[in-house]
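In the two complexes below, chain A is the common chain; its partner is chain B in one and chain C in the other.
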Partner chain A sequence: MTTQRTHIIGRGERRVDAFGKVTGKAKFAADYSLPHQLYGATLYAEHPHATITHIDTREAERLDGVFAVLTAKDIPGENAFGIVIKNQPVLACDIVRYYGDGVALVAAATREAAEAALALIRVEYAPLPVLTDPEEALLEGSVKIHGDSNIFVHHKVRKGDIENGFAEAEIVIEKKFKTQFIEHSALEPEAALAEPAEQGGIRITGSVQNLFSSRRSVAAALNLDLNKVQIVQATLGGSFGGKDEVMTALCCRAALLSLRTGRPVKMVNTREASMRESYKRHPYVLSYKWGAKNDGSITAMEITCIADGGAYASMSPFVTWRSVVQATGPYRCGNVKTDVYAVYTNNTYTGAMRGFGSPQVNFAIESMMDMLAEAVGKDPLELRLQNCFETGAETATGQTLDHHVSLSEVLTTAADAAQFSAHWKSFRGQTSGAKRRGIGLACSYRGVSLGAEGTDAAGTIVSVQTDGSVIVSSGITDMGQGAQTQMSQIAAEVLGIGMGRIQFLNTNTSRVPDSGPTVASRGTIMGGSAAKRGAEIVRSTMLKVGSHMTGEATGALDFRDEHLVRMSDGTHLATFAEVAAECFRRGLPMYGFGWFQSPKTSWDEERGQGEAYFTYVYGANIAEVEVDIETGKVDVLRFVAVHDVGRAINRSAVLGQFYGGVAMGLGYGLLESFDFEEGIPKQLNFDEYLIPTSLDVPPIRPVVIEHPDPAGPFGAKSIGEPANELAAPAIINAIANATGRRITELPATLERVLLGHALSRTGERGSQHKTSDESCKIRPAGL
Partner chain B sequence: MTKIPITTTVNGTVHTLEIAPHQTLLELLREGLGLTGTKCGCEIGECGACTVLLDGEPVNSCLVLAPQIDGRNVSTVEGLMRANATDPLQDAFMDHDAVHCGFCTPGMLMSARALLAEDAHPDEASIRTAISGNLCRCTGYVQIIEAIKHVKP
Partner chain C sequence: MKPFEYIAPRSLEETTALLARAGTDATILAGGTDLLVEMRRPNKMRKRVVVDISRVSELGGMITSDRSVVIRPLMTHARLQHSELLRIAAPLLASASAAIGSPQIRNRGTIGGNIMNAATCADTVPPLIALGATVTLRSAAGTREMPLSSLFLRPYQTIAAPDELLTEIRFPGLTADARSAFIKLGRRNALSISRLSVAAILRIGRDSRIAEARIVPGAAFPTWQRVTAAEALLLGERPSARLFAAAGACVSKEMILQTGRRWSTEYKEPVIAVLVRRALEQCAAPALPEDGK
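On to the complex of A and B.
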């Protein structure tokens, strides 16, 4: 696909929501209030695993200012939600399975009264054994969290014959990796304001990422039809995948309290409540075994991943599915056997987070790649270029990549920008000096949108007003990534108007069609494609009217610079507004409903084969670090990020995703770990859960590569998650280049870098040796 | 409960108020005065989303008790616009795409405003230090730093 000539597409236009956000006028969920509103609060479990034997709410109910105290028995409908497996309660009924389970609710006149009432609710528990280790969860004798088995997902990929593959191998590399829980850390904590609706039902304004799935659960919990539950998205203060189920629970709770009291009920999580209750990114235990020839070609990959799903199923089935599809990385291998399991434990449940199953496997894949390079005496770039997918390659799932596969271009662009190979050679084998430099490379391929995970379609409405101004709305939501701006820019391009003429409405479930969740970096490709179609419908009507007005053929006309123009000489024939007014006068619709359904995908669950995603994106990151080998401190000095995005709709927003993705990936690689002790979270605020500050993020050099893809609007694909899935392995590989030692557990804390293992603070005193990395096994095949 | 009488100036407007002794400046701004532009992110002075200027100095308003502002000047994000025109700092944030989700933005702007009042042309190191108390999860800070560097005087 060649790059289409455009006017607004590609420019770094101001965001449509920027003015409100720099003036303080933007209203986030907690900024809304209603007359006579009550404040809702949730009582959390006191144990990570226990039977609830008795709840006494009488004293709390008697407190001044308390309007309602509710428990599971007050839920009129279904007290279970979940996208695949419905096993998460709005309020725990007989049993609590993690420390963030809600047990009771209070609505009171003030926050203080609500808090005081929570303290008066007496809950008696019979504690149960606590299961926190996902590997232990696999054992037959382990405590069971739901039903008879803790294994609730097993995805497979089977290709070729790994026995033959390992028989062919001259080198076998085997390694176990571990990743940690990550807290999304959106700056805005969850909030919702529910009010009884005029004709029955409920209206909720909230910080909701996926309004339609939250609406389904609220309707089910309250026994209401979907059209009686209206969820309006407030300006959303970041999500990164994190405002799905936790907001579903909050919406259900606020709605329950509101319908019970007949008053608006506002619920705002404190940071502590947010960190305690909200789901995290899955920690994985990854066992990788690769066979290869001495020339570096890979003959077999045997991969097993165990994902800690925590207490509830949530998005685990989908997150782990992306892992199984992408577990081999973008490398050719004829013999693959991959098994990915998700298991229940009493840790906080895990779900969607930016990357969605890729950051974990990419850490293992890209570490393995560097280890293989070392074993066969090649430079990491050379080995990747030798093995990486090109156009027409077949993936581990048997899919032929028939779009333009730009991975080798992406890799060499990144390597050239960072002078990778020269640095890598010069930094190797340093033996003197306390501060040692290192450089590391990581690359990936990534399936765009939902893929064979499920139904993939979205709608956007473009409505031209009689004065030529335009209102756009969509089922795709903006969380700060800029979806509204991308969709506006696409509509503006099609209609030949400026961004200033467009007003974007926040998503409202009662006014736009269910467009699925805004996840999987699908906002631009799905919502944008729908916006393009919607705008094209209106444009077509307006061109016909323009033709009547001017006597010119529709094919000779275009809209540019807010005018109807003759294409041949660019003459302005009428203003866009005049044509809009004429359409209205003639009784013609200036309303375009664009619906876009993704191209077909397929999946055979048993063999793990199929066209997993309709297209893919390619990226490479390079980190240069300085390691203080006396303290274990790692500073990232420079960073290069290269991504083929198909086509950048808004260049500034695309770069913003690069930068933010690298920063979050740096946190994953070096700083962040949400830890538990016997199922109880150890960090509940930003004093202990450390995310990168402005002093931690290095200068980042971005390179945007554009190979437009016919699947996307104006050729655009994805960038939100690709940008976040490579920084950690690039940094870890850089540390190995600097020190000669490989880190196999994230994050690379001072202790892991200095000592090779983590130290864990206990409740008692001093520090305790917690883990030791198993030594890497690299051996000749057959031993 | 005893209320404490105070007189304070917020964004140029003088307020005479009676406030509870335990109320924070953040609560007073958001709930008492309806200035919801200032955000609540952690309530322990770690995230900087609630940064406002107190007599020109950036403070975490979640850590300031409201009675402490008696006789003092408070500036919030709502006070940045003058005569219906955006401040050059706000323009720079919009032009450099320094605003993603926008939740850290009000606090970032106030920290930047304080820095620029001291030094109209700060270098990158001073900018990074000045906003190091303001967490941002979206931008990696790059475009925010660029914006502050390029504020038109």
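On to the complex of A and C.
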């Protein structure tokens, strides 16, 4: 597909939400209040796994200012939600399964009264054995969290013959990797304000990411029809995948309290409550075994991943599905056997987070690639170029990549920008000095949007007003990533107007169609495609009217620079506003409802074969680090990020994703770890949960590559998650280049880099606990 | 946060009188960067009265008096970091102040709060102890002065009575032939609690031999102290990499003698030795910039 000539697409237009945010006019969920509102609060479980034997709320109810104290028995409808497996309660009924389970709710006149009432609720527990190790969860005799098996997902990919693949191999590399729990760390913790609606039902304003799935759960819990539950999205202060199920729970709880008391009820999580309750990114245990020829070609990949799903199923089935599809990386291999499991434990449940199952496998894949390069004596770039997908390649799931596969271009662009090969060679085998330089490379291919995971469609409404101003709204939500700006820009391009004419409305479930979740980097490609269609509907009406007004054929007319123009010579024939007014006078609709359904995908769950995603994006990151080998401190000095985004709709927004993605990925690689001790979180705020600061993030050199894809609006694909999934392996590979030692468990803390393993404080002061990182096995085949 | 009474006295006298009346019920607020974090913790802060001393002008500022530097407790880390006086009289203290938190924290956090909070990772304390600082505590009943090193009982606990206020920190400025260094190791480059730190002062005589040495590690010992065993190793010797490494190893050994082996020892044992060696190397090579990181 060639790049279309455009006017506003590709420009770094100012975000539509920028002024509101920098002037403080933007209203986040916690900024909303209503007369007579009450404050709601949640009582959390005191044990990560226990039977609730008794709850006594009488004393709490008697407290001054308390309007309601509710427990699971007060839920009129279904006390279970979940996108695939409905097993997460709004309030725990008889068993608590993690330390963030809600047990009771209070609504009170003040926040303080609500807190005081929580302290008066007496809950008696009979503790159950606590399961925290995902590998132990697989064992027959382990404690069971739901039903009679802890394994609730098993995705497979089978290609070729794995035995033959290893028989052909001259080298076998086997390694076990581990990744950690990660907190989303959005600036804004969860908040919701529920109010009884005038015609019955409930209206909720909240920091909700996936309004339609939250609405389904609220309706089910309250026994209401969907049209009686209205969820209005407040301006979101970040999400990164983190405001789905935890917001569903909060919406349900606020709604319950509101309907019970007949008053508006506001609930705002403190950071501590948010960290205690909210789901995390899945930790994985990844066992990788690859066979290869001495020339570096890969003959076999045998991969097993165990994802710790925590207490509830949540998004695990989907997250792990992306892992199974992408587990081999963008490399050719005829013989693949991949198994990805998700298991229940009593850790905090895990779900969607930027990357969605790719950061974990990318860490393993890209580490393996560098180990293989080492084993066959090649430079990491050369080995990747030798093995990586080209246009027409067949993936591990048997899909032929018939779009333009730009991976080798992406790789060489990144390598050139960072002078990768020269640095990599010169940094190898340093033997002197405490500060050692290293450079590391990582690349990936990533399926765009939901893929065969689920129904993939979205709607956007473009409504031109009689004065030529435009209102756009969509089922796709903006969480700060800029979806509203991209959709506005697409509508503006189609209508030939400036961004200043467009007003974007925050999503409201009662006014726009269910467009699925805003996840999987699908905002621009799905919402944007729908915006394009919506705008085209209005445009076609306006062109017809323009033709009547001017006597020119519609085919000879265009909208440009806020005017109706004659295409041949660019003459302005009427203003956009005049044409809009004329449409209205003639009684014609200027309302365009655009609906976009993704191209077909397919999946055979048994063999793990199919057209997993309708298209893919390609990216490469290069990190240059300095490792202090006497203290284990790693500083990232320079960074190059290259992504083929299809087409950059808004260049500034794309670069913003590059930078933020790298910063977050750096945290994943070096700093962040949400740790538990026997299921109890060890840290509940940013004093101990460390994310990178501006002084930890190096200058980032971004290179945007554009190969427009026919599947996306103006050729756009996606960037939100690709930007975040490569920094950690690039940094880990750079550390290996600097030190000659490979980190196999994230994050690369001071201790791991210096000692090769982590140290962690355990309950008893002074006691010592080591997590030994497995040693690497590289051996000739047949041994 | 529990409700509390808030009082902001304007003078030192008013403050000590207030504290005398309130007894154990009161807590002092300076910049609040430690106190507010503490007060938000559930079931922690039980004080009924918060006495905000930030408007007491007698508690601010810094002066020199007969070769001594006198720092009043309300001096913020930001002001210490940029102080011309400290750049000459105690560069290691300026480095330590610069290494604290973030610009916001340095703008609010005070040296008095850093000392009185008595966290093992308080960054200004190792330099102050190395400088031989004394502190003055004052209450309605009178004042007492003591070496900073004897102010601390254990982590988060000083010998100050609830009605006692820290009013002054005093130390002799470094002589022109003294060199100092402060090195902080954290997990990240800002807003980072010291995993370990080292304050060091060296004076090298005309004979090129070490005439004076002071080494104070931070976040390593239960309370701060000069490691005299390591200092003794250095005295009278010519600076060398080997010598500094030996001093580092000695500090490491002393640390384990005092703390025993703990979960973190496997890491701290080699690393404190490295940091001590580096701090001494920095002192011996004054041409190298001190950045405290």
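Please note the rule applied: the second predicted complex is superposed on the first by the 780 of 783 C-alpha atoms of A that agree within 3 Å, B and C clash if a C-alpha of one lies under 4 Å from a C-alpha of the other, contacts with A are read in each partner's own complex, and residues count from 1 in each chain.
Quick note on the criterion: a contact is a pair of C-beta atoms (placed from the backbone, for glycine too) under 8 Å apart; a residue touches a chain by one contact, two chains touch by 3 or more.
Every value quoted in this text rests on a predicted model; they were computed, and no experiment measured them.
After overlaying the two complexes on the shared chain, residue contacts for A:L695 are found with chain B and with chain C alike.
Contacts of A:L759 after superposition on the shared chain: chain C is touched, whereas chain B is not. Contacts of A:N227 after superposition: neither chain B nor chain C is touched.
In the superposed model, A:K21 lies in contact with chain B only, and not with chain C. Of the two partner chains placed by superposition, A:T571 touches none, neither chain B nor chain C.
In the superposition on chain A, A:D687 contacts both chain B and chain C.
Applying the stated contact rule after C-alpha superposition, one finds that A:T466 touches neither chain B nor chain C. Touch criterion met: A:K633 reaches chain C, while chain B stays clear of it.
Which of chain B and chain C touches more residues of chain A: that partner is B.
Contact with chain B, but none with chain C, is seen for A:L655 once the two complexes are overlaid on the shared chain.
Across the two superposed structures, the residue set of chain A contacted by chain B and also by chain C is 687, 692-695. Across the interface of their complex, chain A is touched by residues 3, 37, 102, 185, 187-193, 195, 260-267, 270-271, 274-275 of chain C.
Chain A contributes residues 112, 434, 630-633, 635, 671, 687, 690, 692-696, 749-751, 754-755, 759-762, 765-770 to its touches with chain C in the complex. Contact residues of chain B toward chain A in the complex are 30, 35-44, 46-47, 49, 76-78, 80-81, 86, 90, 93-97, 99-106, 109, 127-129, 131-145. Listing the residues of chain A that touch chain B in their complex gives 12, 14-15, 17-28, 30-31, 184-189, 235-240, 270-271, 479-482, 652-653, 655-656, 659-664, 685-687, 691-695, 697, 700.
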